[in-house]
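Dropping the structures in below, format is structure tokens.
One chain, subunit A, links the two complexes that follow: it is found with subunit B in the first and with subunit C in the second.
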Partner chain A sequence: MSKGEAAGPRVRGGLPRLDWKRARRFVTSERAIGMGLIVPSLVAVLVFVYGFIGWSALVSVSNWHNVNPDYTFVGLDNFRDLFKNFRFQIDIRNTVAFTVLFVGACLVLGLVLASLLDRYIRGEGIFRSIYLFPMAISFIVTGVAWRWLLAPRAGVNLLASKVGLSGIHYTWYTDSTVVYVHQGSRLADALDAIGLGFLADPNFGVPLAMISVVIAATWQMSGFVMVLYLAGLRAIPKELKEAARVDGASELQVLRHISLPLLRPVTLSAMIILGHQSLKIFDLIVSMTGRGTGFATDVPALFMFESTFRANNFSRGAAVSIVMLVSVSVLVIPYLFWSLRRESRL
Partner chain B sequence: MTIRWSRVAIYGALLFFAVLYLMPVYVLVITGLKSFTEVSLDQMWDLPSGLHFASFRDAFDRLNGNMLNSFKMVIPATIISCLLGSINGYILTKWRFPGSDILFFLLLFGMFIPYQSVLIPLVKTLQQLHLYGSLWGLVLTHTIYGIPITTLIFRNYYAGVPTEVVEAAKIDGASIFGIYTRILFPLSLPGFVVVAIWQFTSIWNDFLFAATLTSNPDVQPVTVALNNLAGSFIVEWNVQMAGALIAALPTLIVYILLGRFFMRGLMAGALSSS
Partner chain C sequence: MLVRWKLWLPAAILLMVLVGIAVACGGDDEEASPTPTGPTGSPSPLSGKLEIFSWWTTGGEAAGLQKLYQLYPQQCPGDVQIVNSTVAGGGGDVARQVLSSRMQGGDPPGSFQIHMGHELLDSWVASGDMESLKFLFDQQNWANVFPQGVLDIVSKDGQPYSVPVNIHRANVLWYNKKTFTDAGLQPPKTFADFFTVADALKAKGITPLALGDKEAFASVQLLEVTLLGTLGPDAYKGLWTGKTAWGSSQVTDALNTFKRMLSYTNSDHASLTWDQANDMVIKGQAGMTIMGDWVDADNKAKGFTNSGWVPSPSTSGTYDALSDTFGLPKDAPNRDAVICWLKVVGSKAGQEAFNPLKGSICARTDCNKSLFDPYLQSAMDDWSKDSIVPSLAHGAAASPAWAADISDAVTAFVASQDVGALQGRLSTACKDSGVCS
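So, the complex of A and B:
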């Protein structure tokens, strides 16, 4: 027990007496100054992040559907309307399709590039810089460039016909077809057999136009995954791989049985970071395709933007934003706990 | 011999991917360099007949005001958020107080939120503060929403500075400010480069805040202006391509000159490596 506590507050006349000595020591202590230094940042973040989230949540349960703010409480009506909204249902389907394709493509490409580079390559730095440079560019620039590269009458199609592949008339992001597994088809039966029968539904379709956006986004983000995997591969003790090779394992076996299991934390980080980005994707869609024919490339962020700032339907915009926040939180909060715990263990 | 062939295959694959990743840049550059008579879509992949800078001049005339706006927004926001992040990182690692872990978690989460969920209150608040539609409104916004990531990177950076050094300085009677200015600040210059590059790049590339918080074309940052340029049907596409290249140039130059630090920022942002 410290001296301060020994002389702690004694009850006199029913009121605890303030221990001035102790209080002053606390106030003038460096620790208190430290807290004081961090307070402005904390207040700013608490207000601008958590306060504003609360405010948005309030708008999302209010009746504010035009330019005049109206905070009449309407419960969850806006959310009920939202999930019945045709465009929002399509947005959810698009987001699911985009997330799966984009995260998958980035992970595969990132791993391929990292394992190619992890072999004492001459000029490794140059290759790495080439694969990573799109990260430094804004999604708007990416969208403008890829819109021309994947324009049906130009770009990649034109290049293909120049090298002799004249049969390609793929219409890229202008294609409004949605591909899905038809109920009753053989594939649907196969899915049913492994308990995934619910996937045979237009709601789990892939709008072909989205693939163009996935290509552009993967071009931009796969280098990031490569960097993560490369660092992960470099952290694996060489002896482990050598021992396996001496035992006669092929390179693919080394990758599958040694590298990949040890890279699992890296894969998880990459999935979370890319996944939460794809839930928020906005800039690339705006600059590359817009909402697309039949909302083929529409996403919640664009719906939120247009509801709020074009249609002045603030409550609907806020409701979309809250749905986005919840979906990101479900993904990110467990991850934050996991990585903070992991960090404190190290 | 088999080993040699596998080396050839690896280099071949690496080169193939390099060409693939550089393809958009090739198209941007050659299209920008074409004369106005050459820019039909059929000739998209052909090299220009000579070096024509007319498209770049045209694009620059349309975007230079917005480029300047971007610089005016990015530079103060980067400097302020770096300083705040550095101080926060210092306090959170070397002057831990009860609840600092929870505060750190709250800060971290702020890095991941979709900014859509703060957009409506942000617009209303900036209107109240008479900062809506001004570059200072964007500076304030980027500074505050930059605090989580800058704090995180500096915290990880300072965690590597031995606590014994700080404790010894405390015993010698150094104040909280003295320890920062004489020990940590000089040590953290590389950290400042990492954080500054990260902030510069992400603020320069931001579109969401820029598009929602400014409506006057004279104030808009270059990402918004480029998007408007590209969405316009009267602007030729070679000018759009040249514009895209101009808008990307500042962050690309930073990347080419300081790529090493850029990569460290990425790793710090990914958490797992900390």
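So, the complex of A and C:
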């Protein structure tokens, strides 16, 4: 067999042989420079991201509950205790409520703003900038500003009383009410009938204090969603919409049957980006409301912070962070596969 | 030539990266630490650097700390250069994290500020990173100058580990004198008095008790003074040693009283800090607030002169103490300078210089009263005769992990009002801490 033949596996004596010629042809000068430039970042990411994730996972299965490290392996005990912890159960409920409300509100508001801006109005650039500005502020600043705005003794309540609506004394983020299906109500009985009776519990409710946090977060991120949708709307060929209008469709029907289906990829991207942000939300909570009355605005990230740095309970903090990592991965990894597949198909 | 060049460029970059990491992780060479000379008898001239780590960055606290630094060369001759390492922020939370990483990394400061009691004993003392200060206490004869109660709190197995520089009191009820005279009320002495006064204030449309628990410690502190008032000092101390059962009926009474007191607070307490709650009292919107004696400094800063104070309900004769202290880490650089610092901090001159500025009282019982304002003078009188108990909310009574569990239980209770659940969680917290069986 001559050297140049591209035969089957180049095996000699049972072992696969390295094809240096092919390797040399692969390592061109451009590729070498490219690889060389990537290597530092690669090493940095491997160590500081994946290395530290591995370290957190190690700590989460250790017995480290004080300032002195104790790396005794305890299996999944920390995770079991975590899911039995009443505060963590409330955190999960709060995260679900916040995610649903925040993502929903941002998508709706973003779509509405984008549809309004899509009319090629004068000053569109100005309005786009105004709606996008809040995204440039850090969550800490947003949190502090909205904390003052929605403080029960000041801000919006004070403004309302000065304007004459003196009856408004809403407690905003100090409200400890949780809206849930009460035992003995008709809805609870209906749920019972289909075997979902356990849902009639405060742990499956919506804390009203979260609404204040959702308002602040939506104010910050809806501009971003608006920009995504604007790009998406502009990508829809005008002929489709004109054809629909010619056929007698109203604007709403055009939106519902033409625009929205074609905006599905944008909606999915926005949902993923907002979703992973809301699962990890910390700085907004810490600067705006803290843990809230009865943990109404507590989130896993805040629980992790307090466990690790106040209570010195490093293993529990690590367990919370691993749970957060898994929940974000469940959201993001399928999306990555889906978008990569799409790109390779295009 | 071309072939070799293709490969050595990425190889060179990789080498640079690895060298960079090696240099960064190499770390500094430790300065040769002076051989420990043991308990110093004669003051030999000191030199070198002395790093004092604290979170006293502003106001009276920073001014008091500077006074101590000025006193240092007088009591410790030599040319020691004091490095004021401070980390700003929220009651020391950030400072504690920085301290934690330094201690675990084997780079302790000369001495660091830490609350007296279990915050130190259950962390750095338990890990064996602190030296016993028995030699210093004996040498300076501090057993005759600090009350036995405080000596008990700073000690583990009979060995003291830190020197208290100040004392704050957590069980104080502050009220607006004008509001009370207008309503014809007397400041309450017992819980029964408290509820009578509270009802009278409520009838006049004034919030009886101002609470500001955006920072969770405020409600924990309210719980602790309620426990103290109901159980008395001995049974209260027993809660932290396992002698008093958390499931007992006395504790249930205390929790029910706590629940009743919460019903007289302002509904927006979760959005207010403790000083904003004090504002309510100052403005006459609320009648009373139960908070530590840092309210005195707050009142002075706001120019409020109509403030009255009594021990919180049913705790007269008991001093619920918290304190900032300094200790001696085992590998502290410049050990002799640190020991001299501890002497300054525990000395009469040092405490008289620091405390009037900070707004606290001396931990010593022999300080000059005339240097302090009226409230602090009355506190000093109480300090020398009251029973001293450790504060829960400020790290003296329980380890940080246990205190965090209690704080979580209290936060949940403030919304749920479920006394049974609270008592259950408090019992579990005690078991989890290892103190109760």
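One rule holds for everything that comes next: the second predicted complex is superposed on the first by the 291 of 346 C-alpha atoms of A that agree within 3 Å, B and C clash if a C-alpha of one lies under 4 Å from a C-alpha of the other, contacts with A are read in each partner's own complex, and residues count from 1 in each chain.
Note that in this section a contact is a pair of C-beta atoms (placed from the backbone, for glycine too) under 8 Å apart; a residue touches a chain by one contact, two chains touch by 3 or more.
Please read these numbers as outputs of a predicted model, since none were measured by experiment.
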For A:Leu132, is the partner it touches subunit B (first), subunit C (second), both, or none of the two (neither)? first
Considering only touches as defined above, state whether A:Met35 meets subunit B (first), subunit C (second), both or neither. both
Between subunit B (first) and subunit C (second), which, if any, makes contact with A:Val43: first, second, both or neither? second
Applying the touch criterion given at the start, work out whether A:Tyr71 contacts subunit B, subunit C, both or neither, answering first, second, both or neither. neither
Tell me the contact category for A:Glu306 with respect to subunit B and subunit C: first, second, both or neither. second
Which superposed partner A:Trp146 touches (first subunit B, second subunit C, both, neither): first
For A:Phe198, decide between first (touching subunit B), second (touching subunit C), both and neither. neither
Common ground on subunit A, meaning residues reached by subunit C in one complex and by subunit B in the other: 33, 35, 37, 40, 147, 151, 153, 309
Which residues of subunit B touch subunit A once you look at their complex with the stated criterion? 10-11, 13-14, 17-18, 21-24, 27-28, 31, 41-42, 44-45, 84, 87-88, 91-92, 95, 97, 101, 103-110, 112-122, 125, 144-145, 147-148, 151, 170, 175-176, 201, 204-208, 211-212, 223, 226-227, 230, 237, 240-241, 243-245, 247-248, 251-252, 254-256, 259, 262-263, 266-267, 269-274
In the complex, subunit C touches subunit A at residues 2-3, 5-7, 9-10, 12-14, 16-17, 21, 93, 96-97, 100, 103-104, 122-124, 126-127, 214-216, 267-272, 399-401, 403-405, 408, 411-412, 414-416, 425
Partner subunit C, residues of subunit A touching it in the complex: 24, 27-29, 32-33, 35-37, 39-40, 43, 47, 65-69, 86-87, 90, 147, 151-153, 171-174, 176, 289-296, 306-307, 309-313
Given the complex, residues on subunit A that touch subunit B span 30-31, 33-35, 37-38, 40-42, 44-46, 48-53, 55-56, 59, 113, 116-117, 119, 121, 127, 129-149, 151, 153-155, 158-159, 162, 219, 223-224, 227-228, 231, 265-266, 268-270, 273, 276, 279-280, 282-283, 286-287, 301, 304-305, 308-309, 314, 317-318, 320-322, 324-325, 328-329, 332-333, 336, 339-340, 342-343
